[in-house]
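Once you've had a glance at the structure underneath, I'll fire off some questions.
Order of writing sets the labels: A, B, C and D. Residues in every chain begin at 1.
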(Lines give C-alpha, C1' and ligand atoms only; values in the text may rest on other atoms or scores of the structure.)
Protein backbone atom coordinates (compact mmCIF):
# COMPACT_ATOMS: atom_id res chain seq x y z
CA UNK A 1 0.00 0.00 0.00
CA UNK A 2 1.39 3.40 -1.06
CA UNK A 3 0.16 6.81 0.07
CA UNK A 4 0.21 9.55 -2.58
CA UNK A 5 0.26 13.01 -1.01
CA UNK A 6 -0.67 15.74 -3.50
CA UNK A 7 0.57 19.28 -2.76
CA UNK A 8 0.12 21.01 -6.13
CA UNK A 9 2.95 22.37 -8.25
CA UNK A 10 3.12 22.53 -12.04
CA UNK A 11 1.91 18.89 -12.07
CA UNK A 12 -1.58 20.05 -11.12
CA UNK A 13 -1.82 23.51 -12.66
CA UNK A 14 -4.65 23.98 -15.10
CA UNK A 15 -5.92 26.77 -17.35
CA UNK A 16 -8.78 28.84 -15.99
CA UNK A 17 -10.47 29.94 -19.18
CA UNK A 18 -12.52 32.74 -17.67
CA UNK A 19 -9.51 34.31 -15.92
CA UNK A 20 -7.11 33.48 -18.77
CA UNK A 21 -4.55 32.35 -16.21
CA UNK A 22 -3.04 29.26 -14.61
CA UNK A 23 -4.84 28.03 -11.51
CA UNK A 24 -5.34 25.03 -9.24
CA UNK A 25 -8.54 23.07 -8.75
CA UNK A 26 -8.25 19.45 -7.63
CA UNK A 27 -5.29 17.16 -8.17
CA UNK A 28 -5.10 15.22 -11.44
CA UNK A 29 -3.43 12.24 -9.74
CA UNK A 30 -6.52 9.95 -9.71
CA UNK A 31 -7.14 10.64 -13.43
CA UNK A 32 -3.47 9.96 -14.19
CA UNK A 33 -3.58 6.66 -12.31
CA UNK A 34 -6.61 5.65 -14.38
CA UNK A 35 -4.84 6.63 -17.60
CA UNK A 36 -1.78 4.60 -16.54
CA UNK A 37 -4.07 1.63 -15.75
CA UNK A 38 -2.28 1.64 -12.38
CA UNK A 39 -3.13 -1.34 -10.17
CA UNK A 40 -0.75 -0.54 -7.34
CA UNK A 41 -2.72 -0.30 -4.10
CA UNK A 42 -2.65 3.46 -3.47
CA UNK A 43 -4.50 6.07 -1.45
CA UNK A 44 -4.43 9.66 -2.70
CA UNK A 45 -4.58 12.49 -0.13
CA UNK A 46 -4.68 16.11 -1.26
CA UNK A 47 -2.74 18.04 1.43
CA UNK A 48 -2.75 21.42 -0.33
CA UNK A 49 -2.86 22.74 -3.92
CA UNK A 50 -0.20 25.44 -4.19
CA UNK A 51 2.74 26.62 -6.24
CA UNK A 52 5.88 25.38 -4.51
CA UNK A 53 7.36 28.91 -4.67
CA UNK A 54 4.62 29.91 -2.22
CA UNK A 55 5.17 27.00 0.13
CA UNK A 56 6.02 28.15 3.67
CA UNK A 57 7.94 26.36 6.43
CA UNK A 58 4.57 25.65 8.01
CA UNK A 59 3.42 24.00 4.76
CA UNK A 60 6.56 21.85 4.70
CA UNK A 61 5.80 20.92 8.30
CA UNK A 62 2.33 19.81 7.25
CA UNK A 63 3.84 17.59 4.55
CA UNK A 64 6.38 16.07 6.95
CA UNK A 65 3.63 15.49 9.55
CA UNK A 66 1.52 13.71 6.93
CA UNK A 67 4.48 11.42 6.13
CA UNK A 68 4.98 10.68 9.82
CA UNK A 69 1.34 9.99 10.63
CA UNK A 70 0.60 7.95 7.46
CA UNK A 71 -0.17 4.29 8.11
CA UNK A 72 1.69 3.44 4.87
CA UNK A 73 5.46 2.84 4.92
CA UNK A 74 5.86 3.88 1.27
CA UNK A 75 4.88 7.38 0.19
CA UNK A 76 4.90 9.38 -3.07
CA UNK A 77 4.59 13.17 -2.85
CA UNK A 78 3.63 15.27 -5.89
CA UNK A 79 5.21 18.70 -5.55
CA UNK A 80 6.30 21.79 -7.48
CA UNK A 81 9.85 21.44 -8.78
CA UNK A 82 11.17 24.82 -7.62
CA UNK A 83 11.36 23.97 -3.91
CA UNK A 84 11.07 20.17 -4.06
CA UNK A 85 14.58 19.80 -2.68
CA UNK A 86 13.74 22.06 0.30
CA UNK A 87 10.73 19.98 1.22
CA UNK A 88 12.75 16.76 0.85
CA UNK A 89 15.26 18.26 3.30
CA UNK A 90 12.52 19.22 5.77
CA UNK A 91 11.14 15.68 5.67
CA UNK A 92 14.57 14.09 6.03
CA UNK A 93 15.19 16.24 9.14
CA UNK A 94 12.40 14.31 10.86
CA UNK A 95 14.13 10.91 10.40
CA UNK A 96 11.06 8.97 9.34
CA UNK A 97 11.66 5.24 8.76
CA UNK A 98 9.77 5.10 5.45
CA UNK A 99 10.47 5.20 1.72
CA UNK A 100 9.42 8.69 0.62
CA UNK A 101 9.68 9.74 -3.06
CA UNK A 102 8.95 13.29 -4.24
CA UNK A 103 8.08 13.91 -7.87
CA UNK A 104 6.56 16.65 -10.03
CA UNK A 105 6.42 17.92 -13.58
CA UNK A 106 7.95 20.62 -15.76
CA UNK A 107 4.72 21.01 -17.78
CA UNK A 108 1.18 20.71 -16.35
CA UNK A 109 -0.44 17.32 -16.88
CA UNK A 110 -3.50 19.08 -18.31
CA UNK A 111 -1.42 20.57 -21.16
CA UNK A 112 -0.95 17.57 -23.37
CA UNK A 113 2.83 17.50 -23.61
CA UNK A 114 3.55 16.89 -19.97
CA UNK A 115 6.26 14.79 -18.35
CA UNK A 116 3.88 14.20 -15.43
CA UNK A 117 2.63 10.74 -16.43
CA UNK A 118 6.19 9.50 -17.02
CA UNK A 119 7.30 10.89 -13.66
CA UNK A 120 4.34 9.42 -11.77
CA UNK A 121 5.05 5.96 -13.23
CA UNK A 122 8.68 6.39 -12.30
CA UNK A 123 8.07 7.64 -8.73
CA UNK A 124 5.54 4.90 -7.94
CA UNK A 125 8.00 2.27 -9.15
CA UNK A 126 10.95 3.63 -7.19
CA UNK A 127 8.72 3.89 -4.10
CA UNK A 128 7.98 0.16 -4.25
CA UNK A 129 11.62 -0.92 -4.34
CA UNK A 130 13.94 1.62 -2.73
CA UNK A 131 14.91 1.18 0.95
CA UNK A 132 13.75 3.66 3.59
CA UNK A 133 14.93 7.20 2.86
CA UNK A 134 13.86 10.44 1.19
CA UNK A 135 14.32 10.64 -2.59
CA UNK A 136 13.52 12.84 -5.55
CA UNK A 137 12.34 11.05 -8.73
CA UNK A 138 12.65 13.29 -11.77
CA UNK A 139 13.94 12.81 -15.34
CA UNK A 140 13.62 9.03 -14.96
CA UNK A 141 16.16 8.96 -12.15
CA UNK A 142 15.99 8.71 -8.33
CA UNK A 143 18.25 10.95 -6.24
CA UNK A 144 18.82 10.80 -2.45
CA UNK A 145 17.53 14.07 -0.95
CA UNK A 146 21.05 15.22 -0.02
CA UNK A 147 22.56 14.72 -3.46
CA UNK A 148 20.32 16.60 -5.84
CA UNK A 149 19.56 20.06 -7.15
CA UNK A 150 17.34 21.51 -9.84
CA UNK A 151 19.42 23.17 -12.53
CA UNK A 152 17.38 26.30 -13.16
CA UNK A 153 18.90 26.95 -16.57
CA UNK A 154 18.06 23.54 -18.03
CA UNK A 155 15.10 22.58 -15.82
CA UNK A 156 16.79 19.24 -15.15
CA UNK A 157 17.51 17.61 -11.77
CA UNK A 158 21.11 16.52 -11.28
CA UNK A 159 23.46 15.16 -8.62
CA UNK A 160 25.69 17.57 -6.69
CA UNK B 1 23.55 2.69 -19.08
CA UNK B 2 20.30 1.01 -20.09
CA UNK B 3 19.50 -0.59 -23.46
CA UNK B 4 15.93 -0.13 -24.70
CA UNK B 5 14.98 -2.80 -27.24
CA UNK B 6 11.86 -1.86 -29.22
CA UNK B 7 9.88 -4.72 -30.79
CA UNK B 8 6.55 -3.03 -31.60
CA UNK B 9 3.22 -3.95 -30.02
CA UNK B 10 0.32 -1.64 -29.25
CA UNK B 11 2.86 0.76 -27.73
CA UNK B 12 4.06 1.69 -31.21
CA UNK B 13 0.97 1.24 -33.38
CA UNK B 14 -0.12 4.32 -35.28
CA UNK B 15 -2.96 5.25 -37.58
CA UNK B 16 -2.23 5.08 -41.29
CA UNK B 17 -4.60 7.66 -42.64
CA UNK B 18 -4.46 6.57 -46.26
CA UNK B 19 -5.15 2.91 -45.45
CA UNK B 20 -7.56 3.78 -42.60
CA UNK B 21 -5.92 1.10 -40.47
CA UNK B 22 -3.43 0.58 -37.65
CA UNK B 23 0.17 0.20 -38.75
CA UNK B 24 3.77 0.38 -37.59
CA UNK B 25 6.39 2.85 -38.72
CA UNK B 26 9.26 3.64 -36.36
CA UNK B 27 9.22 3.30 -32.62
CA UNK B 28 7.91 6.24 -30.55
CA UNK B 29 10.37 5.51 -27.71
CA UNK B 30 12.80 8.38 -28.47
CA UNK B 31 9.90 10.88 -28.65
CA UNK B 32 8.49 9.52 -25.37
CA UNK B 33 11.87 9.87 -23.65
CA UNK B 34 11.99 13.49 -24.79
CA UNK B 35 8.46 14.11 -23.50
CA UNK B 36 9.39 12.53 -20.15
CA UNK B 37 12.52 14.73 -20.01
CA UNK B 38 14.36 11.46 -19.39
CA UNK B 39 18.05 11.88 -18.48
CA UNK B 40 18.80 8.24 -17.84
CA UNK B 41 21.67 7.17 -20.07
CA UNK B 42 19.89 4.96 -22.61
CA UNK B 43 20.43 3.53 -26.06
CA UNK B 44 17.36 2.66 -28.14
CA UNK B 45 17.58 -0.26 -30.60
CA UNK B 46 14.65 -1.13 -32.84
CA UNK B 47 14.79 -4.94 -33.20
CA UNK B 48 11.51 -5.34 -35.09
CA UNK B 49 8.15 -3.52 -35.35
CA UNK B 50 5.44 -6.17 -35.13
CA UNK B 51 2.23 -7.11 -33.36
CA UNK B 52 3.15 -9.54 -30.61
CA UNK B 53 0.43 -11.95 -31.82
CA UNK B 54 2.57 -12.38 -34.95
CA UNK B 55 5.81 -12.93 -33.08
CA UNK B 56 7.41 -16.29 -33.93
CA UNK B 57 9.82 -18.42 -31.90
CA UNK B 58 12.54 -17.13 -34.19
CA UNK B 59 11.57 -13.54 -33.29
CA UNK B 60 11.72 -14.37 -29.58
CA UNK B 61 15.15 -15.87 -30.22
CA UNK B 62 16.23 -12.60 -31.82
CA UNK B 63 15.09 -10.69 -28.72
CA UNK B 64 16.86 -13.08 -26.35
CA UNK B 65 20.03 -12.90 -28.47
CA UNK B 66 19.93 -9.09 -28.33
CA UNK B 67 19.69 -9.27 -24.52
CA UNK B 68 22.63 -11.66 -24.38
CA UNK B 69 24.87 -9.70 -26.72
CA UNK B 70 24.05 -6.25 -25.31
CA UNK B 71 26.96 -4.51 -23.60
CA UNK B 72 24.49 -3.11 -21.04
CA UNK B 73 23.58 -5.10 -17.94
CA UNK B 74 20.18 -3.41 -17.62
CA UNK B 75 17.64 -3.73 -20.42
CA UNK B 76 14.07 -2.51 -21.07
CA UNK B 77 12.06 -4.23 -23.85
CA UNK B 78 8.95 -2.63 -25.33
CA UNK B 79 6.61 -5.38 -26.51
CA UNK B 80 2.99 -6.17 -27.36
CA UNK B 81 1.04 -7.27 -24.29
CA UNK B 82 -0.57 -10.38 -25.78
CA UNK B 83 2.55 -12.54 -25.82
CA UNK B 84 4.81 -10.52 -23.51
CA UNK B 85 4.84 -13.35 -20.98
CA UNK B 86 5.94 -15.84 -23.64
CA UNK B 87 8.88 -13.68 -24.65
CA UNK B 88 9.83 -13.17 -20.99
CA UNK B 89 9.85 -16.96 -20.62
CA UNK B 90 12.01 -17.40 -23.74
CA UNK B 91 14.53 -14.88 -22.40
CA UNK B 92 14.57 -16.43 -18.92
CA UNK B 93 15.32 -19.83 -20.50
CA UNK B 94 18.68 -18.42 -21.61
CA UNK B 95 19.80 -17.58 -18.02
CA UNK B 96 21.23 -14.16 -18.78
CA UNK B 97 22.80 -12.43 -15.76
CA UNK B 98 21.14 -9.06 -16.40
CA UNK B 99 18.13 -7.08 -15.21
CA UNK B 100 15.61 -7.33 -18.06
CA UNK B 101 12.23 -5.54 -17.84
CA UNK B 102 9.50 -5.96 -20.48
CA UNK B 103 6.77 -3.35 -20.80
CA UNK B 104 4.10 -2.28 -23.28
CA UNK B 105 0.80 -0.45 -23.53
CA UNK B 106 -2.90 -1.19 -23.77
CA UNK B 107 -3.50 1.89 -25.97
CA UNK B 108 -1.09 3.18 -28.64
CA UNK B 109 1.11 6.06 -27.49
CA UNK B 110 0.06 8.01 -30.57
CA UNK B 111 -3.61 7.96 -29.49
CA UNK B 112 -3.63 10.52 -26.74
CA UNK B 113 -5.03 8.47 -23.90
CA UNK B 114 -2.24 5.94 -23.70
CA UNK B 115 -0.73 4.24 -20.66
CA UNK B 116 2.54 4.00 -22.58
CA UNK B 117 4.31 6.99 -21.01
CA UNK B 118 3.40 5.85 -17.50
CA UNK B 119 4.64 2.32 -18.27
CA UNK B 120 7.91 3.53 -19.81
CA UNK B 121 8.66 5.66 -16.73
CA UNK B 122 7.84 2.69 -14.55
CA UNK B 123 9.90 0.14 -16.53
CA UNK B 124 12.98 2.38 -16.71
CA UNK B 125 12.82 2.93 -12.94
CA UNK B 126 12.43 -0.75 -12.09
CA UNK B 127 15.27 -1.58 -14.48
CA UNK B 128 17.64 0.69 -12.55
CA UNK B 129 17.02 -0.94 -9.16
CA UNK B 130 15.84 -4.55 -9.47
CA UNK B 131 18.45 -7.34 -9.20
CA UNK B 132 19.27 -9.55 -12.20
CA UNK B 133 16.24 -11.39 -13.52
CA UNK B 134 13.46 -11.14 -16.10
CA UNK B 135 10.43 -9.03 -15.16
CA UNK B 136 7.26 -7.61 -16.61
CA UNK B 137 6.41 -4.00 -15.66
CA UNK B 138 2.75 -3.20 -16.31
CA UNK B 139 0.00 -1.40 -14.37
CA UNK B 140 2.64 0.28 -12.19
CA UNK B 141 3.86 -3.05 -10.85
CA UNK B 142 6.85 -5.34 -11.56
CA UNK B 143 6.25 -9.10 -11.80
CA UNK B 144 8.90 -11.86 -12.03
CA UNK B 145 8.48 -13.60 -15.42
CA UNK B 146 7.28 -16.84 -13.78
CA UNK B 147 4.56 -15.24 -11.68
CA UNK B 148 2.48 -13.18 -14.09
CA UNK B 149 -0.26 -13.50 -16.66
CA UNK B 150 -2.33 -11.07 -18.69
CA UNK B 151 -5.99 -11.32 -17.74
CA UNK B 152 -7.63 -11.13 -21.15
CA UNK B 153 -11.00 -10.10 -19.80
CA UNK B 154 -9.73 -7.05 -17.89
CA UNK B 155 -6.56 -6.28 -19.85
CA UNK B 156 -4.66 -6.20 -16.55
CA UNK B 157 -1.46 -8.09 -15.63
CA UNK B 158 -1.70 -10.06 -12.39
CA UNK B 159 0.25 -12.58 -10.31
CA UNK B 160 -0.57 -16.29 -10.66
CA UNK C 1 -31.36 24.91 -35.87
CA UNK C 2 -28.98 22.40 -37.49
CA UNK C 3 -29.35 18.60 -37.47
CA UNK C 4 -26.12 16.63 -37.18
CA UNK C 5 -26.49 13.09 -38.51
CA UNK C 6 -23.67 10.80 -37.38
CA UNK C 7 -22.96 7.72 -39.50
CA UNK C 8 -19.50 6.68 -38.27
CA UNK C 9 -16.35 6.71 -40.39
CA UNK C 10 -12.80 7.41 -39.26
CA UNK C 11 -14.18 10.43 -37.40
CA UNK C 12 -15.68 8.13 -34.78
CA UNK C 13 -13.32 5.14 -34.75
CA UNK C 14 -11.74 4.38 -31.41
CA UNK C 15 -9.24 1.88 -30.07
CA UNK C 16 -10.68 -1.18 -28.38
CA UNK C 17 -7.90 -2.02 -25.97
CA UNK C 18 -9.05 -5.57 -25.21
CA UNK C 19 -9.32 -6.50 -28.89
CA UNK C 20 -6.29 -4.42 -29.91
CA UNK C 21 -8.25 -3.13 -32.89
CA UNK C 22 -10.20 -0.14 -34.17
CA UNK C 23 -13.89 -0.19 -33.34
CA UNK C 24 -16.99 1.99 -33.06
CA UNK C 25 -18.90 2.75 -29.90
CA UNK C 26 -20.93 5.96 -29.77
CA UNK C 27 -20.29 9.09 -31.81
CA UNK C 28 -17.81 11.66 -30.44
CA UNK C 29 -19.78 14.57 -31.93
CA UNK C 30 -21.36 15.77 -28.63
CA UNK C 31 -17.94 15.72 -26.91
CA UNK C 32 -16.41 17.61 -29.84
CA UNK C 33 -19.15 20.26 -29.72
CA UNK C 34 -18.41 20.74 -26.00
CA UNK C 35 -14.67 21.03 -26.70
CA UNK C 36 -15.38 23.59 -29.43
CA UNK C 37 -17.63 25.52 -27.01
CA UNK C 38 -20.20 25.34 -29.81
CA UNK C 39 -23.35 27.37 -29.19
CA UNK C 40 -25.02 26.74 -32.49
CA UNK C 41 -28.46 25.25 -31.89
CA UNK C 42 -27.91 21.63 -32.98
CA UNK C 43 -29.49 18.24 -32.54
CA UNK C 44 -27.27 15.17 -32.94
CA UNK C 45 -28.82 11.95 -34.30
CA UNK C 46 -26.75 8.78 -34.57
CA UNK C 47 -28.07 7.00 -37.68
CA UNK C 48 -25.48 4.22 -37.78
CA UNK C 49 -21.84 3.71 -36.69
CA UNK C 50 -20.04 2.05 -39.60
CA UNK C 51 -16.99 2.24 -41.79
CA UNK C 52 -18.05 3.97 -45.03
CA UNK C 53 -16.45 1.13 -47.04
CA UNK C 54 -19.16 -1.12 -45.61
CA UNK C 55 -22.00 1.25 -46.33
CA UNK C 56 -24.66 -0.32 -48.58
CA UNK C 57 -27.16 1.32 -50.91
CA UNK C 58 -29.78 0.66 -48.25
CA UNK C 59 -27.63 2.57 -45.72
CA UNK C 60 -27.33 5.50 -48.11
CA UNK C 61 -31.09 5.39 -48.49
CA UNK C 62 -31.42 5.61 -44.71
CA UNK C 63 -29.20 8.71 -44.68
CA UNK C 64 -31.14 10.36 -47.52
CA UNK C 65 -34.45 9.53 -45.81
CA UNK C 66 -33.20 11.13 -42.60
CA UNK C 67 -32.31 14.29 -44.55
CA UNK C 68 -35.75 14.35 -46.12
CA UNK C 69 -37.71 13.76 -42.94
CA UNK C 70 -35.64 16.11 -40.74
CA UNK C 71 -37.53 19.14 -39.49
CA UNK C 72 -34.32 21.17 -39.87
CA UNK C 73 -33.48 22.83 -43.19
CA UNK C 74 -29.72 22.75 -42.49
CA UNK C 75 -27.97 19.42 -41.97
CA UNK C 76 -24.40 18.27 -41.27
CA UNK C 77 -23.56 14.60 -41.85
CA UNK C 78 -20.43 13.01 -40.36
CA UNK C 79 -19.28 10.21 -42.63
CA UNK C 80 -16.30 8.06 -43.59
CA UNK C 81 -14.22 9.70 -46.32
CA UNK C 82 -13.90 6.70 -48.64
CA UNK C 83 -17.48 6.75 -49.92
CA UNK C 84 -18.55 10.23 -48.81
CA UNK C 85 -18.94 11.33 -52.43
CA UNK C 86 -21.22 8.35 -53.18
CA UNK C 87 -23.53 9.21 -50.31
CA UNK C 88 -23.57 12.88 -51.34
CA UNK C 89 -24.65 11.71 -54.81
CA UNK C 90 -27.41 9.48 -53.39
CA UNK C 91 -28.76 12.38 -51.35
CA UNK C 92 -28.58 14.81 -54.29
CA UNK C 93 -30.61 12.32 -56.36
CA UNK C 94 -33.54 12.93 -54.02
CA UNK C 95 -33.66 16.70 -54.72
CA UNK C 96 -34.12 17.82 -51.14
CA UNK C 97 -34.50 21.59 -50.70
CA UNK C 98 -32.06 21.88 -47.78
CA UNK C 99 -28.45 22.79 -47.15
CA UNK C 100 -26.70 19.46 -46.53
CA UNK C 101 -22.96 19.34 -45.71
CA UNK C 102 -21.02 16.08 -45.37
CA UNK C 103 -17.76 16.01 -43.45
CA UNK C 104 -15.43 13.46 -41.89
CA UNK C 105 -11.84 12.98 -40.77
CA UNK C 106 -8.62 11.38 -41.97
CA UNK C 107 -7.56 10.50 -38.41
CA UNK C 108 -9.95 9.42 -35.63
CA UNK C 109 -10.92 12.20 -33.23
CA UNK C 110 -9.93 9.96 -30.32
CA UNK C 111 -6.31 9.80 -31.55
CA UNK C 112 -5.04 13.19 -30.56
CA UNK C 113 -3.80 14.44 -33.91
CA UNK C 114 -7.12 14.46 -35.70
CA UNK C 115 -8.45 16.85 -38.29
CA UNK C 116 -11.97 16.09 -37.01
CA UNK C 117 -12.43 19.16 -34.80
CA UNK C 118 -11.25 21.48 -37.58
CA UNK C 119 -13.61 19.80 -40.06
CA UNK C 120 -16.59 19.91 -37.71
CA UNK C 121 -16.08 23.65 -37.13
CA UNK C 122 -15.79 24.13 -40.85
CA UNK C 123 -18.85 22.04 -41.80
CA UNK C 124 -21.09 23.68 -39.20
CA UNK C 125 -20.07 27.10 -40.47
CA UNK C 126 -20.63 26.28 -44.14
CA UNK C 127 -23.99 24.74 -43.24
CA UNK C 128 -25.18 28.03 -41.73
CA UNK C 129 -24.41 30.12 -44.81
CA UNK C 130 -24.47 28.08 -48.01
CA UNK C 131 -27.68 28.00 -50.09
CA UNK C 132 -29.69 24.78 -50.47
CA UNK C 133 -27.63 22.00 -52.03
CA UNK C 134 -25.44 19.01 -51.16
CA UNK C 135 -21.79 19.77 -50.29
CA UNK C 136 -18.67 18.11 -48.97
CA UNK C 137 -16.63 20.10 -46.43
CA UNK C 138 -13.09 18.75 -46.13
CA UNK C 139 -9.63 20.34 -45.94
CA UNK C 140 -11.19 23.68 -44.98
CA UNK C 141 -13.07 23.90 -48.29
CA UNK C 142 -16.66 23.28 -49.39
CA UNK C 143 -17.28 21.41 -52.67
CA UNK C 144 -20.61 20.91 -54.49
CA UNK C 145 -21.39 17.16 -54.51
CA UNK C 146 -20.90 16.92 -58.29
CA UNK C 147 -17.49 18.57 -58.37
CA UNK C 148 -15.39 16.67 -55.87
CA UNK C 149 -13.38 13.48 -55.46
CA UNK C 150 -11.12 12.06 -52.80
CA UNK C 151 -7.60 11.70 -54.12
CA UNK C 152 -6.66 8.31 -52.67
CA UNK C 153 -2.95 8.88 -53.02
CA UNK C 154 -2.85 12.11 -51.01
CA UNK C 155 -5.97 11.67 -48.87
CA UNK C 156 -7.08 15.13 -49.96
CA UNK C 157 -10.47 16.15 -51.45
CA UNK C 158 -10.21 18.12 -54.68
CA UNK C 159 -12.39 19.52 -57.46
CA UNK C 160 -12.81 17.50 -60.67
CA UNK D 1 -6.49 33.34 -51.28
CA UNK D 2 -7.00 34.19 -47.60
CA UNK D 3 -4.60 36.15 -45.37
CA UNK D 4 -4.35 34.93 -41.76
CA UNK D 5 -3.09 37.69 -39.46
CA UNK D 6 -1.88 36.32 -36.11
CA UNK D 7 -1.85 38.74 -33.16
CA UNK D 8 -1.54 36.35 -30.18
CA UNK D 9 -4.19 35.88 -27.51
CA UNK D 10 -5.04 32.70 -25.62
CA UNK D 11 -4.99 30.89 -28.97
CA UNK D 12 -1.20 31.13 -29.03
CA UNK D 13 -0.23 31.08 -25.36
CA UNK D 14 2.12 28.31 -24.35
CA UNK D 15 3.70 27.08 -21.14
CA UNK D 16 7.24 28.26 -20.51
CA UNK D 17 8.55 25.42 -18.41
CA UNK D 18 11.60 27.23 -17.06
CA UNK D 19 9.58 30.25 -15.94
CA UNK D 20 6.56 28.16 -14.89
CA UNK D 21 4.29 30.69 -16.58
CA UNK D 22 2.24 31.32 -19.72
CA UNK D 23 4.15 32.97 -22.54
CA UNK D 24 4.14 33.61 -26.26
CA UNK D 25 6.65 32.30 -28.77
CA UNK D 26 5.54 31.92 -32.39
CA UNK D 27 1.99 31.44 -33.60
CA UNK D 28 0.62 27.89 -33.74
CA UNK D 29 -1.51 28.70 -36.81
CA UNK D 30 0.72 26.89 -39.37
CA UNK D 31 0.80 23.75 -37.18
CA UNK D 32 -2.98 23.91 -36.77
CA UNK D 33 -3.50 24.23 -40.52
CA UNK D 34 -1.34 21.12 -41.00
CA UNK D 35 -3.33 19.23 -38.35
CA UNK D 36 -6.58 20.28 -40.03
CA UNK D 37 -5.19 19.10 -43.40
CA UNK D 38 -6.22 22.56 -44.62
CA UNK D 39 -5.88 23.06 -48.38
CA UNK D 40 -7.32 26.54 -48.55
CA UNK D 41 -4.80 28.85 -50.16
CA UNK D 42 -3.63 30.92 -47.17
CA UNK D 43 -0.75 33.13 -46.16
CA UNK D 44 0.01 33.50 -42.46
CA UNK D 45 1.46 36.80 -41.21
CA UNK D 46 2.42 37.22 -37.55
CA UNK D 47 1.67 40.89 -36.73
CA UNK D 48 2.35 40.70 -33.02
CA UNK D 49 2.18 38.06 -30.23
CA UNK D 50 0.42 39.69 -27.28
CA UNK D 51 -2.35 39.23 -24.76
CA UNK D 52 -5.35 41.20 -26.05
CA UNK D 53 -5.71 42.89 -22.64
CA UNK D 54 -2.38 44.60 -23.39
CA UNK D 55 -3.32 45.65 -26.90
CA UNK D 56 -3.11 49.42 -27.38
CA UNK D 57 -4.90 51.70 -29.84
CA UNK D 58 -1.67 51.78 -31.81
CA UNK D 59 -1.69 47.97 -31.97
CA UNK D 60 -5.28 48.00 -33.22
CA UNK D 61 -4.18 50.54 -35.82
CA UNK D 62 -1.46 48.16 -36.93
CA UNK D 63 -4.04 45.37 -37.36
CA UNK D 64 -6.40 47.64 -39.32
CA UNK D 65 -3.52 48.86 -41.51
CA UNK D 66 -2.57 45.26 -42.25
CA UNK D 67 -6.16 44.54 -43.33
CA UNK D 68 -6.16 47.60 -45.57
CA UNK D 69 -2.81 46.91 -47.21
CA UNK D 70 -3.31 43.16 -47.67
CA UNK D 71 -3.55 42.06 -51.30
CA UNK D 72 -6.14 39.46 -50.22
CA UNK D 73 -9.84 40.41 -50.08
CA UNK D 74 -10.59 37.77 -47.43
CA UNK D 75 -8.85 37.91 -44.06
CA UNK D 76 -8.89 35.86 -40.83
CA UNK D 77 -7.43 37.45 -37.68
CA UNK D 78 -6.49 35.34 -34.65
CA UNK D 79 -6.88 37.47 -31.53
CA UNK D 80 -7.35 37.34 -27.75
CA UNK D 81 -11.02 37.13 -26.81
CA UNK D 82 -11.05 39.86 -24.16
CA UNK D 83 -10.77 42.80 -26.56
CA UNK D 84 -11.65 41.10 -29.84
CA UNK D 85 -14.79 43.20 -30.16
CA UNK D 86 -12.78 46.43 -29.71
CA UNK D 87 -10.40 45.50 -32.49
CA UNK D 88 -13.32 44.52 -34.75
CA UNK D 89 -14.77 47.98 -34.11
CA UNK D 90 -11.44 49.70 -34.90
CA UNK D 91 -11.22 47.81 -38.19
CA UNK D 92 -14.85 48.53 -39.11
CA UNK D 93 -14.20 52.25 -38.55
CA UNK D 94 -11.84 52.15 -41.52
CA UNK D 95 -14.54 50.92 -43.97
CA UNK D 96 -12.43 48.33 -45.73
CA UNK D 97 -14.19 46.54 -48.59
CA UNK D 98 -13.10 43.05 -47.55
CA UNK D 99 -14.45 40.07 -45.63
CA UNK D 100 -12.63 40.16 -42.28
CA UNK D 101 -13.25 37.45 -39.65
CA UNK D 102 -11.75 37.59 -36.15
CA UNK D 103 -11.44 34.42 -34.09
CA UNK D 104 -9.61 33.17 -31.01
CA UNK D 105 -9.77 30.54 -28.29
CA UNK D 106 -10.80 30.18 -24.68
CA UNK D 107 -8.07 27.60 -24.00
CA UNK D 108 -4.56 27.68 -25.56
CA UNK D 109 -4.15 25.39 -28.57
CA UNK D 110 -1.04 23.93 -26.94
CA UNK D 111 -3.07 22.66 -23.95
CA UNK D 112 -4.82 19.70 -25.45
CA UNK D 113 -8.44 20.60 -24.72
CA UNK D 114 -8.58 23.74 -26.81
CA UNK D 115 -11.45 25.12 -28.87
CA UNK D 116 -8.84 26.71 -31.16
CA UNK D 117 -8.88 24.12 -33.94
CA UNK D 118 -12.69 24.17 -34.10
CA UNK D 119 -12.68 27.98 -34.23
CA UNK D 120 -10.00 28.15 -36.90
CA UNK D 121 -11.96 25.72 -39.12
CA UNK D 122 -15.06 27.80 -38.52
CA UNK D 123 -13.44 31.20 -39.17
CA UNK D 124 -11.74 30.06 -42.38
CA UNK D 125 -15.05 28.70 -43.67
CA UNK D 126 -17.04 31.83 -42.84
CA UNK D 127 -14.29 33.95 -44.43
CA UNK D 128 -14.74 32.13 -47.76
CA UNK D 129 -18.48 32.73 -48.00
CA UNK D 130 -19.58 35.83 -46.07
CA UNK D 131 -19.93 39.15 -47.97
CA UNK D 132 -17.60 42.06 -47.21
CA UNK D 133 -17.80 43.15 -43.59
CA UNK D 134 -16.16 42.67 -40.20
CA UNK D 135 -17.25 39.58 -38.21
CA UNK D 136 -16.39 37.64 -35.10
CA UNK D 137 -16.44 33.84 -35.41
CA UNK D 138 -16.64 32.15 -32.01
CA UNK D 139 -18.65 29.26 -30.57
CA UNK D 140 -19.38 28.00 -34.08
CA UNK D 141 -21.27 31.19 -34.97
CA UNK D 142 -20.46 34.34 -36.96
CA UNK D 143 -21.52 37.73 -35.55
CA UNK D 144 -21.39 41.12 -37.31
CA UNK D 145 -18.92 43.34 -35.40
CA UNK D 146 -21.70 45.65 -34.17
CA UNK D 147 -23.91 42.92 -32.76
CA UNK D 148 -21.68 40.90 -30.45
CA UNK D 149 -20.20 40.93 -26.98
CA UNK D 150 -18.21 38.48 -24.88
CA UNK D 151 -20.18 37.43 -21.84
CA UNK D 152 -17.46 37.48 -19.21
CA UNK D 153 -19.33 35.23 -16.79
CA UNK D 154 -19.82 32.37 -19.25
CA UNK D 155 -16.93 33.01 -21.63
CA UNK D 156 -19.38 32.80 -24.53
CA UNK D 157 -19.89 35.31 -27.38
CA UNK D 158 -23.49 36.39 -27.87
CA UNK D 159 -25.57 38.85 -29.85
CA UNK D 160 -26.57 42.16 -28.22
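Definition applied: contacts are C-beta pairs under 8 Å (C-beta built on N, C-alpha and C of every residue); 3 or more make two chains touch, one makes a residue touch a chain.
Model, not experiment: these values are computed from the prediction.
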item	value
Smallest count of steps, each to a touching chain, taking chain A to chain C	2
Far-end chain from chain C, centres as C-alpha averages	A
Which of C-D and B-C has more C-beta pairs touching across its chains	C-D
Averaged-CA centre spacing for the pair chain D and chain C, given as whole angstrom	26
CA centroid of chain B to CA centroid of chain C, Å	38
Numbers and ranges of chain D residues touching at least 2 other chains	106, 113, 155
Set of all touching chain pairs, with the criterion as stated earlier	A-B, A-D, B-C, C-D
Touch list for chain D against partner chain C, complex	32-33, 35-40, 106, 113-115, 117-126, 128-130, 137-142, 155-158
Residues of chain B touching chain C in the complex	10, 15, 17-18, 20-22, 51, 53, 80, 82, 106-108, 110-113, 152-153, 155
